[in-house]
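The chains carry the letters A, B, C and D, assigned in the order they are written, with residues numbered from 1 in each.
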Amino acid sequence: MSAWTRDEMMTIAAARLLADGMVCFVGIGLPGAACNLARLTHAPGLVLIYESGTIGTRPSVLPLSIGDGELAETATCVVPLPEIFSDYLQAGRIDVGFLGAAQIDRFGNLNSTVIGDYAKPRTRLPGAGGATEIAAHAREVFIVMKATPRSFVPRLDFQTSGGHFPGRAVSGATGSGPAVVVTDVGMLRPQGPRNELALAATYPGIPAQEAVAAVGWPLAIASTVESIAPPAAAELEALRALEARTAAAHREPVRLPL
Amino acid sequence: MPKFLALRDAIRDHVADGACVALEGFTHLIPFAAGNEIIRQGRQQLHLVRMTPDLIYDQMIGAGCARRLTFSWGGNPGVGSAHRIRDAVEQGWPRPLELDEHTHAGMAAAYRAGAARLPFGMLRGYIGTDLPQHNARIGSVRCPYTGEEIAAVPALNPDVAILHAQRADRRGNVAITGITGAAREAALAAAKLVVTVEEVVEELPPAMNGIVLPHFVVTAIAHCPGGAWPSYAQGHYARDNGFYRRWDAIARDRAQFTAWIDRHVRGTADHHAFLASLRLAA
Amino acid sequence: MPKFLALRDAIRDHVADGACVALEGFTHLIPFAAGNEIIRQGRQQLHLVRMTPDLIYDQMIGAGCARRLTFSWGGNPGVGSAHRIRDAVEQGWPRPLELDEHTHAGMAAAYRAGAARLPFGMLRGYIGTDLPQHNARIGSVRCPYTGEEIAAVPALNPDVAILHAQRADRRGNVAITGITGAAREAALAAAKLVVTVEEVVEELPPAMNGIVLPHFVVTAIAHCPGGAWPSYAQGHYARDNGFYRRWDAIARDRAQFTAWIDRHVRGTADHHAFLASLRLAA
Amino acid sequence: MSAWTRDEMMTIAAARLLADGMVCFVGIGLPGAACNLARLTHAPGLVLIYESGTIGTRPSVLPLSIGDGELAETATCVVPLPEIFSDYLQAGRIDVGFLGAAQIDRFGNLNSTVIGDYAKPRTRLPGAGGATEIAAHAREVFIVMKATPRSFVPRLDFQTSGGHFPGRAVSGATGSGPAVVVTDVGMLRPQGPRNELALAATYPGIPAQEAVAAVGWPLAIASTVESIAPPAAAELEALRALEARTAAAHREPVRLPL
């Protein structure tokens, strides 16, 4: 087994946070890889819900979209999207919501809407999708993002989804907000009365200073910083096999339905 | 009882310039053929509604069909930006695009309200977000029992909804299998419903609790095999993930996009010719 | 993850005196065995919720389990009166029954609101009826966009919902086929969900768009074949229309009713013994 | 074919009112018989919807309840009950709603709730069920009831469902209210500015006086009274065969699931 990359460490660290039997609202990309890796390793009973309406899905490869056919085929059931948001998310039945974004601030607020001004944006991003209500109502929120000063910013251009924003407690949000931000240079957790994100765990060989340098605000360091164990051989093997299966599946040419 | 029409006629008869149109289908069963036909017929000033304006609206907006977009997530799923939507919002090309922006939960509530012919939908939503500051249509209502303030959205009732489905029977009942997103709700919320289908069968398989749009809610049906490509039709063909990736390069550039639309969409007579022209180009 | 329990233990652990309990199932899959077990265990002062309190609540109310009833139609379908419910309302026998009366559309909106954890449901309902004059819980809300007044009902969130279903798998996912009424909504609206099932299987058949209650919304499952009799379980056994007709005579008379309950319900150890005692009596 | 009964005439007269392709919200008993008779004779494309959630059902026998298994087995689809009420009835997609009741008044208002006082009723009836919203939102309402002075009353003990009540036009009801009351002694239709029910059609051999005597208020006679044709042999045959099949099916003993 070759040495691991930071992206692999990030995905494996995120996967380890998931306990068997948890109900996860999964996004695409890094969160999907982490959730499916957990399911294929230590948490076979993890319940993956995609906003497309698939509940308890068990794909053998990572989907490109959140609505690929394999998600439906391997699901316990497929329900209409409005039910996912009203009867599962809003009803408080999601243990962990996974989110990423273009920008995050020190309280775990997220921007996936615009860079620049809303009315005349420099960069128009895709928008909220399910994120706003996941951030509000999942019991806990796990954020997975690569850390750069451009994305970990002192001030968001637009707040798409609420982290530990002032007044969260009386906002009607029923979840407890971001519990952890998993990055490629360590993990941040909220601390103190204002729930400011602080470096709470480092990866082998990646010193705290690297995390501090990657974050665009003066990053606090938690009183105790956990040292994350390196990827185990079994973890790396499962992740690489998953990614290889995924790449092979996505390489397969699709015949035009003609 | 719906009419069985050629797609060309179904679009000509049911999608007028300026209309409010929802082409729905969440990743699955996206009515791309219908979107292409709207481009082909040069429709203008449409108010487009769709939870996830991905490639289908990237194409229609880039081709100049739309003046307004009601949506909750606009991108190329798993790939990146919807470049034509970005260009319309950022640069006003080929024409400015007015945004009515929501969250998925808000759109879902608005479609549901529309399907029930209620004037508004409600949800515990739009919490911790700047969206309501930029969209005056996001409101609130007070619970008459608890006094709580609950977010509200106006019902969505498009002039016409367009779906793609696996099959219809001869009476016009339409059956869907797999991921539906909010397609059923959008279909029932619209004043008219046009459906393209992979096949028309004598009798649908027994449905029991399956998803069927009964014939009396359907306005027109067009037989259009492959009509969801590059999205997919569960049981018929898979999602063409490669095309979604390739689209990124096509759509990034105005000239290249326009050449693609001119050649493959405007330059073909119908969906069959469109697919044939793509195969030729491959 | 739900617990697999004997029905006796499931009722003992999850249905407390005074609780708000919804035994749902619309004509189909009515959880009669669970109702009988509640009678057997002598539960008191229950707030019973059910759209159609038919024989199952006629039995429970006649047996003295209830103090309050939230409902929209109470009778013996196709036969006539629910005599025990009538006796409780008209004569207070065996104890007075407080009514929280709605229409089907109102109950459906209240269950839906409960399932979504919204504080109230709304509908264009209760028009041209005297019901709101007798039920202060029927209210209204004003549309923030159109100013229209829309009827409102408080959300229903029972302490426990009880359903009967065809099958569960070993992980506790519960699959239902056929008419569901508002059973799914009631199940998701309740704080706890107890399900009796015809069979427990290793793996459910592929569901796709079928109705499945995923295991994490289920509190307890009891394997209880025949648990919906005299209603039915699609694919397992038919509705015993003859028993619905015979019930009319049994329930018409207090003494005869009590003798029937004493002999067949209170006098048997469980549902299997109950069915056996009925066969013997036939 | 033997001579017809008044009940048969009533059911056949009701069935004749249904045009092919109409979407009907069906109740149990007389309405169910009329709808299914129409479907089996002149209106094969009639769409029958039962509040249990079965759409386009084609039972070969009349169900005892509105949720018998055959309704689900022969349906185009079975949907959750809340959808029937919100997305079909409230959305204005029902052409004809069929209703019966314990009491009717001269404006077609119906009582199926109590006889006597609501708080201390002499007779507690089943209640509204779907009737209130059917009466409000079906495009037209057809009422089928046997006429007696006890059921056709000057004043309802309780108004469960609205007919042509004062203020209907501004009440939020989207349907046009009762179009006809089919009885065993003739048919009543609303007339005049107040939409008061008047005798509008008589059956062969049943004079207008019989209808007047069966109704507990001074029954108006419409300016033109239609003469209904007697049951045709084919109609009687189809109805009797349906009822015979139904009786046979319901006689079949059901084994205890033991």
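Simple rule for what comes next: a contact is a pair of C-beta atoms (placed from the backbone, for glycine too) under 8 Å apart; a residue touches a chain by one contact, two chains touch by 3 or more.
Note that the coordinates shown come from a computational prediction; the quantities given were computed from them, not determined experimentally.
Peer 1: Taking contact as defined at the start, I'd like the list of chains shared as neighbours by chain A and chain B.
Peer 2: Joint contacts, listed by label: C.
Peer 1: Taking each chain's centre as the mean position of its Cα atoms, how many Å separate chain C from chain D?
Peer 2: So the centroids are 27 Å from each other.
Peer 1: What whole-Å value do you get for the distance between chain A and chain C if each is reduced to the mean of its CA atoms?
Peer 2: 40
Peer 1: Roughly how many whole angstrom separate the Cα centroids of chain A and chain D?
Peer 2: Roughly 56 Å separates the two chain centres.
Peer 1: Can you list the residues of chain C that touch 2 or more other chains?
Peer 2: Residues 116-118, 123-124, 148, 178, 180, 208-211 of chain C touch two or more partner chains.
Peer 1: When you check chain D against every other chain, which residues touch at least two of them?
Peer 2: 72-73, 78, 86, 90, 174 - these are the residues of chain D that touch more than one other chain.
Peer 1: Testing understanding: with touching defined as stated, what is the shape of the graph linking the protein chains, line, ring, star, complete or other?
Peer 2: other
Peer 1: Got a list of which chains touch which?
Peer 2: According to the stated criterion, the contacting chain pairs are A-B, A-C, B-C, B-D, C-D.
Peer 1: Contact residues on chain D for chain B in the complex?
Peer 2: Within the complex, chain D contacts chain B at residues 21, 23, 45, 47, 55-56, 72-73, 75-79, 86-87, 90-93, 174.
Peer 1: Sort out for me which residues of chain A touch chain B in the complex.
Peer 2: 28-29, 51-54, 63-69, 71-73, 78, 80-82, 85-86, 89-90, 109, 113, 118-133, 135-137, 158-163, 165, 168, 171-174, 250, 253-258
Peer 1: List the residues on chain C that touch chain D in their complex, please.
Peer 2: Residues 26-28, 51-52, 71-75, 77-79, 81-82, 85-86, 89-90, 101-105, 108-109, 111-112, 123-131, 134, 148-149, 178-182, 184-185, 225-226, 229, 232-234, 236-244, 272, 275-276, 278-279, 282 of chain C touch chain D in their complex.
Peer 1: In the complex formed with chain C, which residues of chain B make contact?
Peer 2: 116-120, 122-124, 139-146, 148, 150, 152, 154, 176-178, 180, 208-211
Peer 1: Inside the complex, what are the residues of chain C that reach chain A?
Peer 2: Interface residues on the chain C side: 1, 115-118, 171, 173, 188, 204, 206-212, 214-217.
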